[in-house]
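Consider the two complexes below, in which chain A is the common component and chain B and chain C are the respective partners.
What follows is the complex of A and B.
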């Protein structure tokens, strides 16, 4: 839990004013902590520069799964407990592939879910950490950490209001 | 970034330089000479080449027609600026129809089941002869090509009319006919693939074969559409092409190559596991020597390389990575058909100047027809309802 963090929050009514304010703020060197929107917006995704490596992780999970599954099945069917099935060879590689495809998908799904959960510190039963409940409905929120905004509070407030923010207010992180 | 005003005044027309046309005529000349040499030296091989290249380019045309129809049915916005390319590729169909009818003279060489008197000695072929006989075979060829050409012409006519008149009715009409067209393609191309490729070995049958052939046609058509779009963009046309369009095209290639791999494997796995003599014969015939290598080459060229290379976001958005994959897939389609046709018609691996020359000839002809159709209309459609969306496509 983040202790005693104080946020400056800009509330916007629609996508266009939000994107305009967002780009203007970035231009002026404002450090933006986070943006909450009801739906994903391209400009925010590229502007925040939060690149995810989870796809790369997923690829290596898949590679790991394929090697483990094929190796495991080979070990079980050929090395440890060879059985005759209707004249088939012990190493029935084509029939391993079906199992490998399905189990690889399952492994990737579970491991990426775990990775994502660990990285974003969420777990079952965790209380939702919502800064402004209206962002889950129809409002667009820009969140700034007051300690490292890159600009003074009055200037940013003015900038947001000029760009069409309906509201700019302050809030403590631990006063949910 | 272009503005919509640029687009209104833009008249992007392709003009084919005479030099390029001469090159194509040269390629066709090489093809004619190789074919002629083939007919004199080794008629079986020449007819096998003829069938392979005919099927190769007709599957590109049908796959492209299907691609265009799918864009209408899904109301896809991103591809509407490039819809002239599938249209142009589908315009190869009338030429292909003539070539397929000319196959009449090589029927006995290509198709084992059409040999005179074989129904007396071969009970299975006698059983199948109500379907597999020469008059009905050509009736089907005429019927299928007739249907395809009528539908392709119809869609092209509506598309050109939309350029002049505008309005939503052409879009709705195209969508309606596209819905009919995909059903026609589904049934007719299934039977067509069975006639042309599967009946080469009339004792053998596989339920998934036609579906696999159709996916192969769709996959390679999507590849060639991408290739033509990239080439046109490189020589200064289609200025709206951006990385998002490329990503969408490479998603098509990626997705279809996975489906191709899935179908290819499903067919082999069931036959291998079932181990029925009448089914395994097909793969046993194709397991020795170079055909055994081709079996794995098909999988590597058509599935493994596209799957691996187009997986990352970075590579699937860059021409530098997509172009080699396209070339690999074009070779992959050739090796796939070679693997089907050669064991039954030529009975051994023969690859040389005749094969390369014939392929170049057909490629030249296909390119000539496609570029000729491309020059006939504006490269970027006007008045298409999704045109704006396509130009600003970004994700």
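What follows is the complex of A and C.
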């Protein structure tokens, strides 16, 4: 069951004030639930301490594809249906490489996209959990869960305002 | 330190982030202009001509084409290679310029990627119809089929080609699409129309711009970008093996893979230039696609054009140096002179000589001259493919089987049909999809100063 939570939301106008406020808040021990920005910001991505293993996953998808492709072609050309082409060997390995490269790339793409979709819970027609509708346009949003902010509401509000927040407000919402 | 004005501003005018969204989304929100309907009508008429030609081909057979048993590959293969070449620019733009940390790519990459997807679609039609019985095209899939467990020939360049093009189409389309997801979310959240909110909301995949999403998104872009770079190089190398693996004079050469890849990027960049000129002039995107962007593409074209010229001359030199009578004949009697001089010299002048005009800043800054040159480069690249396909085939080792090739109206119609399909695709893109990657342009808006210090060590903050 999804419970509605009460959130404190800080709205910033540009990247620099957001990053300053974000870093200052982290220093003071504030627990930040999530940050919404119109474009990726390196400091936020590292500061949030979230990790993604999507690149590692992609590597293993590739490894899997290479083994399956080379194994599959060897099996088809040598075991399943060997054909004589003017005395050439059945296992024409070097020329298998071409198909292996291209089909590996295709496999990595499809599986990585699927992984991305599953892990980020992003799929066609999904209803967005919008906290502040301006976050995809021109505002930078810091979201705090009021039950576990690590600091009192007035202090945080003051901190954000001192750092140049244009608005600080409260909102009930549910996010995943 | 040596400082020079390498590139001017990336965005003209001091724009706020929301202004960037508004201005890029303006064509989607505005009323559709009349010229758009007229242009779409013409494109669809051309497309209909193509559909009719393909219908005739399918019902009456390949005999309706001008190809014969000597010149078995005619306009269809020329057009196939030409479209694939154009389709190379999108990924080349996105990937190579990303790797080289060229921030100016952000204004152009969306259009280049869109063009790629449509061009590869056009390209894929040609081999499909050329099969003669395209409803049996699935025979080319490697599956244990009803003729016994007989597999496809894994050593055949035609099979490689099939794999390469399917992979390239899927990957360019997904790369393009995932770049658009944040922008669709911007439309969803800024539009006032309920229909647009619902439609773009569906395609925005529930994007919110949270740090978790951006983190994985960046990871995905890194993976797709990295492997697509390999793909760009391999796809056109594979297309070149369709020719190079044979023993026809003029085809059987190790120069082909790099020559094809570079040629593909050349024609693709020229087509990008054509498109961005239209975006600048028809949609007032001049603030985002500044003359500095056009300038940068022109400089790249000068460089690639020199490579093309070198490749053409190398081919001729090797034909002479090899001492092979057949090579000599093909290049000196059937290309430089002979019945196909127009195509050869058209190719040489449009691809190797004319882009040298871009050395002059005056030419690079005159958008209409740039536009005309970009069209002529594409014409030149078409001549190049004509040269490769037709001249080599028409006069092979056995003079008794020499033949001329002239396209029929059906073949011409098929080509015009794909031109119409491409134009309609581009028009729909202009109308319904953000022409410029909004999120990426916002990201670079903070660097919006004259870039004079990029030689400074440690300047790697573009991510």
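By definition in this document, the second predicted complex is superposed on the first by the 168 of 176 C-alpha atoms of A that agree within 3 Å, B and C clash if a C-alpha of one lies under 4 Å from a C-alpha of the other, contacts with A are read in each partner's own complex, and residues count from 1 in each chain.
Here, a contact is a pair of C-beta atoms (placed from the backbone, for glycine too) under 8 Å apart; a residue touches a chain by one contact, two chains touch by 3 or more.
This is a predicted model, so every value here is computed, not measured.
S.K.: Answer with first, second, both or neither: which of chain B and chain C does A:44 touch in the superposed model?
M.R.: Second partner only, chain C.
S.K.: Applying the document's definition of touch, where does A:28 land relative to chain B and chain C: first, second, both, or neither?
M.R.: neither
S.K.: Once chain A of both complexes is superposed, is A:138 in touch with chain B (first), chain C (second), both, or neither?
M.R.: Touch status of A:138: second partner only.
S.K.: Which of the two partners, first being chain B and second being chain C, lies in contact with A:97: first, second, both, or neither?
M.R.: So A:97 only meets chain B here.
S.K.: Return the chain, chain B or chain C, that is in touch with more residues of chain A.
M.R.: Of chain B and chain C, more residues of chain A lie in contact with C.
S.K.: Return first, second, both or neither, reflecting whether A:158 touches chain B, chain C, both chains, or no partner chain.
M.R.: In the superposition, A:158 touches no partner, neither chain B nor chain C.
S.K.: Report for A:81: first if it touches chain B alone, second if chain C alone, otherwise both or neither.
M.R.: In the superposition, A:81 touches chain C alone.
S.K.: Now for A:112: first (chain B), second (chain C), both, or neither, which partner does it touch?
M.R.: Only chain C is touched by A:112; chain B is not.
S.K.: Of the two partner chains, chain B (first) and chain C (second), which one does A:55 touch, if any: first, second, both, or neither?
M.R.: Both partners, chain B and chain C.
S.K.: Check chain A for residues that touch chain B in one structure and chain C in the other, and list them.
M.R.: 42, 55, 95, 98
S.K.: Could you list, by residue number, the parts of chain C that touch chain A in their complex?
M.R.: 16-18, 21, 142, 144, 148-151, 154-155, 159-160, 163-164, 166-167, 170-171, 174, 178, 181-182, 185-186, 188-190, 201-220, 222-224, 227-228, 230-231, 234-235, 238, 241, 439-440, 442-443, 446, 461, 463
S.K.: Under the definition above, what is the set of chain B residues touching chain A in their complex?
M.R.: The touching residues are 265, 268-269, 272-273, 275, 311-313, 394-395.
S.K.: So in the complex, which bits of chain A are touching chain B?
M.R.: So the residues of chain A touching chain B come out as 42, 55, 59, 86-87, 94-95, 97-98.
S.K.: Across the complex, what residues on chain A touch chain C?
M.R.: 14-15, 34-42, 44-45, 48, 50, 52, 54-55, 58, 62, 73, 76-77, 80-81, 92, 95-96, 98-99, 101-103, 105-106, 108-110, 112-113, 116-117, 119-131, 133-138
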